[in-house]
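Below: a set of structures, written as structure tokens.
The same chain A turns up in both complexes below, where it pairs with chain B and then with chain C.
Up next, the complex of A and B:
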């Protein structure tokens, strides 16, 4: 009854769409082939995670970061993924920054309404996004980490 | 003359996103998501679940999860295309499981998949 990691599949609908868009029009895919590709994708993620984790441990870090994953891609001989992944990362960072600024703007508006002048905790914006997330995740992870 | 005034008696001009919803004409709302929202189609939560399944992994940052998701998409595209080459040789228009097996055997980078798809 134990759930194997490979059984954690990614959603079929999304996998199907990605496959269809990669192939020319009119090409179909059998159910078995599609579910095999889905499993392959899960195995890929597990393998990439393991490789990336090695890089993180080499750097004496406990948290996987983007560059660990990129290094893993090269290690796995998927260098051709590296450039598109870097571009995607740039776009993602820009989007995250936009979201953060939007929520900070909302916060400022709220503060103005309440009229209370709380001292702004001065925070550097560099690298604090990841650290904020880490703190949230760490609180969740403490239960799961066995040491 | 009798002009059909769609606006309610409150005097507000007809807004597209009326909070009260009193405008009669249902205007199709354009999706408000930014054009760059399609950065990754795979749900990050599922990818994160896979990452957590590894007992050696302690933590993974948001960016790492995102890149893994994107890499998985690229992987699916790549393997689908490679499998398609095999199907094309057989003059078929439907990808079968054996096309995938052939691709895995033929392409070095897919060697890690051998024996895992059973």
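Up next, the complex of A and C:
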């Protein structure tokens, strides 16, 4: 899969905002500095990915997971990131759970309203939809590898 | 797949992750040995990258030249890459800058040293590395 050079960069506006959040008010960031940080961020992603992948391989897994990334941070001597990352992970999981419950609830409400001749069948299909969506994403990633 | 993981509260609190997941994913996939990436790993990598950007920026600013405290410059970053062990992996992409005239002078010095050491063991690698910094 060929990537254009710009695809490996992160958007300037977001990078700039993140930098500004880390510095005191009124500090200027030269264009060169911002560009350098952006490049550094891309290199960081590569380094972290490679490191996390080693952990996945050690665990005989082909899919990188959250714990691989956390282990990578420790390995790279960014232990200070581990706690905030774990918090982010918790928040993300809660959010996902909330979304799933919300959509399941909506569907249950919809089912009650519509007259369905085969109520059991449609309910099963609805429950599988969310899981299929997640699995589809994994499958898409695996398909790309074959290209 | 949502490009940005949004953790929006009703009060409009900060998002969980600001960097676009799709772009992070492209970068991760460009790594040759990686097969698949679980969604949580993607989110954590994006978040870690944000933490990294903040850390690199604030560290470089704090350790930067005292006179220029009102600005973060490229040389602040290059210094960090060279002097901090944690950020050493950035040394190649954030080289320190020197004047062209200085560099040419260094090249001439190198050439002279190489000529002198023709019969001895060459430590060429070390010399070349110095020129690059």
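Criterion: the second predicted complex is superposed on the first by the 115 of 147 C-alpha atoms of A that agree within 3 Å, B and C clash if a C-alpha of one lies under 4 Å from a C-alpha of the other, contacts with A are read in each partner's own complex, and residues count from 1 in each chain.
Throughout what follows, a residue touches a chain if its C-beta (ideal position, glycine included) is under 8 Å from a C-beta of that chain, and two chains touch if they have at least 3 such contacts.
Bear in mind the structure is a predicted one, so any value in this text is a computation, not a measurement.
Shared-chain residue A:19: touches chain B and chain C both. Once the two complexes are overlaid on the shared chain, A:65 sits against chain B and chain C alike. In the superposition on chain A, no contact is made by A:105 with either chain B or chain C. Residues 8-11, 14-15, 17-19, 21-23, 26-30, 32-33, 36-37, 39-50, 52-53, 62-66, 68-70, 73, 76-78, 81, 84-85, 88-89, 91-93, 95, 134, 137-138, 141, 144-145 of chain A contact both chain B in one complex and chain C in the other.
The touching residues of chain B, counted against chain A in their complex, run 34, 36-37, 39-43, 46-47, 49-54, 56-64, 66-68, 70-81, 83-84, 87, 93-97, 99-100, 104, 108-110, 112-113, 116-117.
Those residues of chain A that touch chain C in the shared complex are 1, 3, 7-11, 14-15, 17-19, 21-23, 26-30, 32-33, 36-37, 39-50, 52-53, 57, 62-66, 68-70, 73, 76-78, 80-81, 84-85, 88-89, 91-93, 95, 134, 137-138, 141-142, 144-145.
Chain contact summary for the complex, chain C toward chain A: residues 1, 5, 7, 16-20, 23-24, 26-31, 33-41, 43-45, 47-58, 61, 69-74, 76-78, 81, 85-86, 89-90, 93-94.
In the complex of the two chains, the chain A residues touching chain B come out as 5-6, 8-11, 14-15, 17-19, 21-23, 26-30, 32-33, 36-37, 39-50, 52-53, 62-66, 68-70, 73, 76-78, 81, 84-85, 88-89, 91-96, 98, 129-130, 133-134, 137-138, 141, 144-145.
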